[in-house]
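Should a chain be cited, it is by its letter among A, B, C, D, E and F, assigned in written order, with residues numbered from 1 in that chain.
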Amino acid sequence: MTPPGTSGGRLAIVPGSFDPLTNGHVDIVLRSAQLFDRVTVSVLVNAEKTPLFTAAERVAMIREVFSAHANIDVDRFDGLLVEYARRQGACAIVRGIRAVSDFEHEFQMTLMNRHLEPALETVFMMPAEQYTYVSSRLTKEVFRLGGSVHGLVPPVVERWMQAKQATAVRNEKTAIGLQGE
Amino acid sequence: MTPPGTSGGRLAIVPGSFDPLTNGHVDIVLRSAQLFDRVTVSVLVNAEKTPLFTAAERVAMIREVFSAHANIDVDRFDGLLVEYARRQGACAIVRGIRAVSDFEHEFQMTLMNRHLEPALETVFMMPAEQYTYVSSRLTKEVFRLGGSVHGLVPPVVERWMQAKQATAVRNEKTAIGLQGE
Amino acid sequence: MTPPGTSGGRLAIVPGSFDPLTNGHVDIVLRSAQLFDRVTVSVLVNAEKTPLFTAAERVAMIREVFSAHANIDVDRFDGLLVEYARRQGACAIVRGIRAVSDFEHEFQMTLMNRHLEPALETVFMMPAEQYTYVSSRLTKEVFRLGGSVHGLVPPVVERWMQAKQATAVRNEKTAIGLQGE
Amino acid sequence: MTPPGTSGGRLAIVPGSFDPLTNGHVDIVLRSAQLFDRVTVSVLVNAEKTPLFTAAERVAMIREVFSAHANIDVDRFDGLLVEYARRQGACAIVRGIRAVSDFEHEFQMTLMNRHLEPALETVFMMPAEQYTYVSSRLTKEVFRLGGSVHGLVPPVVERWMQAKQATAVRNEKTAIGLQGE
Amino acid sequence: MTPPGTSGGRLAIVPGSFDPLTNGHVDIVLRSAQLFDRVTVSVLVNAEKTPLFTAAERVAMIREVFSAHANIDVDRFDGLLVEYARRQGACAIVRGIRAVSDFEHEFQMTLMNRHLEPALETVFMMPAEQYTYVSSRLTKEVFRLGGSVHGLVPPVVERWMQAKQATAVRNEKTAIGLQGE
Amino acid sequence: MTPPGTSGGRLAIVPGSFDPLTNGHVDIVLRSAQLFDRVTVSVLVNAEKTPLFTAAERVAMIREVFSAHANIDVDRFDGLLVEYARRQGACAIVRGIRAVSDFEHEFQMTLMNRHLEPALETVFMMPAEQYTYVSSRLTKEVFRLGGSVHGLVPPVVERWMQAKQATAVRNEKTAIGLQGE
């Protein structure tokens, strides 16, 4: 019998809210799947009070996007990430870094997570440069203001977003950035 | 007949909430007016839930501040900045950059706006160094805590602020910074 | 008769919300007490709408932590920090800097405070590197998610936190960072 | 009679060593030519002790690259940039910004240049994201180490580089970065 | 028959000058060895004109430090890192990141290396916080100025350094930092 | 008898090359002299191979600038800063911080110095915002290129610089920045 977490080789977790999954996320997940035997995309439940998509919807979309990849799994979690990763038997957390400012925040998180669980490693990867500016927050803002999200998210996600009424979107932090503020 | 957007030469837009207009904003607008034939200061409507001044009040103040400048206009807008700029026939958006951290956020915005509208350019300009620390948010915080805003905003804006009861100010994110937090 | 603010030598103020006091705060306060004749740890009242501890509780805890240090005092304040510092006769504000991103925000604050009160100086100090990742916000998040705060806060604070029901914690900005978002 | 510097409308200068001109430089020059009536690409003579190309070679290459653009001129200069710009009657200096760290250096330069010549403005523009990593220094390093510079520089420059013997290159600061250091 | 590069599982390369290997380097190599099947520490030959140790000495020291680790190998290389990595059949380059400023430089390198060789991935890892300030350059400066390098480098390296006459060290860029400049 | 280092109260050291002393340096030294009983401006000997002024000239100029301040002394030193500070009985090193990028370098230096000498504290202070762009390096570059250094350095230093033949200046790293590179 194989012990949990090593049965299928090394497992890495790519955690996030994925509200919604962007092409930048897809890029990082696919790169991770080249370096680790198995990758689990882990959807954080209840990260925001009023998400665009429910956790179940997000899991469904991500599952569809990566359905052709045998070593990419999708899951949901809540609570401390390091506790979740330990239960899954993961050896690493993968974080995508798009910009320097991302990194400083990640620095602090990584050290705190290491304090809580020294055996779990965090690795950082860069998405392709064309995704430098693509975040879930900004994608939702474009959507809310009536712009096209084509090219920012996978086709699957684009369809789900179109199905939502733009007018139904509720985002407390509106209009930062794309309106020039 | 002159095509839209070139009738009066090149138009640049300086967008913002301007709640309120600061001396740093004034500095950037005047610099822009040296480089472009026409400049429109465009007030974003509804950027915050509880602004200090209504959009109409902000437009009125800005109009008064720049009344002596023939090539500086004031307007209000909502929705995607790039759509608004296209309708106005602008060739450029001007953004004031006070600090490195400003820049990273602007970087992402610029690339997203370019994705949405490749023909629109964004240029960055630096205010005079004495305005490095002057932001609308910080000015309102000084005001709310009973400090003087003299030298931070134009005299016109200072008078409008004095007319408001400090006690009437409602700012959800209070006291960050000037109280040592 | 000694003039106010010099009777006991030079006074430095270490301001903050301290909700709760962390080991990083303790480190900075102790370093400050080596450089100045007297140090006052000044608790900002009403910094957040729903703090973990009341201002009175925070003052009590900090007082207990530094009870053995004759030149370290604890106080509470509200309003503009520079006004408070002037009333206390302080010559300096001490700010702990853990990361580069902290610094840019502090830069702006320092210049604004100097604009408001040129005679008051701000000095920055670095905590020991093991406290780089320890902030009040992150400590509360670990606590809220059921993790141990041992080593992050002084034993006194740890006991006070254990006394609170974790379930009673109300934090509007949940789950940033330690859940992988 | 038209006063100098306004005869052909507003003139912007894009200064640099251009050793060699990269596709990132080309991108910035073309964007500048959309915003200003005339643009001069100004090659700094003697910037480095052992440049890959002489100033004359660099001017020739840049001239060839922009030969089809009527409002883009090429020139060489030495001495203080602000003095040169004043003599040319330029209203602005254009600087390409690829990264946050670029910006801090530019910040300081801009303020010093403004101190020396208040009437001259500096504007910053971003190249397309695919040129984020393309610098003259890095391009020369790839070249020196035997890699292909295709896609990093214009075809004209690529041909000139191939004509040089790679073995003839002398670069004192070798191997930073692309060799893992 | 096993295809090259997969015979022993996934190979990661940790490249550097390692002049000398520091405890920060050791930390990153050991972390890498947890995530990849095999790790090669690759010493860049000729990175500096006047290194403290020859490439052969550096390889010997590193080999001694990791002699007890079966999946850690030591090698030397010159030329483009991506070409070397391809020949070795590596799937990833591992870079240690100590600070935000490190990251921006790494960002550019990673994108250039990806341009040159899309199949090779770069991952970033953080050393333990006590190594934040430990670099080869700074360690050599401490050594040159007569300070102790104990705790900064492995005992093996410390012995090799003691064997060198401090007076024999030639470092062109002296005294940055530790002398207050 | 008073123990060394406390006879005249707390001593802070402001170290640097001061080649030459700028108005930014003067600002930091004067601010330090408000917070500490005594301040020593310590000139690092031999920091650069070809300084503009000899160490003796720099000491003489600085002495003249601060001659009216009883608690400001001038000295020269070589070797490890922490060793020098210990011999002087200093409790703190003061570093002026003009920009975020300064800070990251200082971060690393501070931690290394603390590793070497835990009892010595480093404090950071900000110069007035009008000195943000004033560095010794940039001042020398302006001078070398024939620009005026008036307002960048104290009158004493300006006179010494005028006495030097601008043509005699030898600076290996020429023209970075002010020539648009």
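In this section, a contact is a pair of C-beta atoms (placed from the backbone, for glycine too) under 8 Å apart; a residue touches a chain by one contact, two chains touch by 3 or more.
The structure displayed is predicted, hence computed values, not measured ones.
**Student:** Tell me, which chains sit next to both chain D and chain F?
**Tutor:** Expected: B, E.
**Student:** Between C-F and B-C, flag the pair that has more C-beta pairs in contact.
**Tutor:** Counting C-beta pairs in contact for C-F and B-C gives the edge to B-C.
**Student:** Scan B-F, B-D or B-C for the interface that duplicates D-F, counting it as a duplicate when over half of the contact pairs agree by residue number.
**Tutor:** Looking at which residue pairs coincide with D-F, the repeat is B-C.
**Student:** If you average the Cα atoms of chain A and of chain E to get two centres, how far apart are those centres in Å?
**Tutor:** 31
**Student:** I'd like to verify one number: the distance from the centre of chain A to the centre of chain F, where each centre is the average of its C-alpha atoms, in whole angstrom.
**Tutor:** Roughly 48 Å, centre to centre.
**Student:** Quick one: chain A and chain D, Cα centre-to-centre, how many Å?
**Tutor:** Those two chain centres are 39 Å apart.
**Student:** Counting only residues that touch at least two other chains, what does the list for chain E look like?
**Tutor:** Touching at least two other chains: 99-101, 104, 107, 110-111, 129, 132-133.
**Student:** For this entry, which pairs of chains touch?
**Tutor:** Pairwise, the chains that meet the contact rule are A-B, A-C, A-D, A-E, B-C, B-D, B-F, C-E, C-F, D-E, D-F, E-F.
**Student:** Which positions of chain D touch chain A when the two form their complex?
**Tutor:** 99-101, 129-130, 132-133
**Student:** Given the complex with chain F, which residues does chain D contribute to the contact?
**Tutor:** The contact residues of chain D facing chain F are 13, 15-17, 42, 44, 46-47, 77-83, 93, 95, 101, 104-105, 107-113, 115-116.
**Student:** Which positions of chain C touch chain F when the two form their complex?
**Tutor:** 10, 31, 34-36, 91-92, 97, 100, 103-104, 107, 110-111, 114, 121-126, 128-129
**Student:** In the complex of these two chains, what residues of chain A are touching chain B?
**Tutor:** Touch residues, chain A against chain B: 98-101, 132-135, 138, 142, 145-148, 151-152, 174-181.
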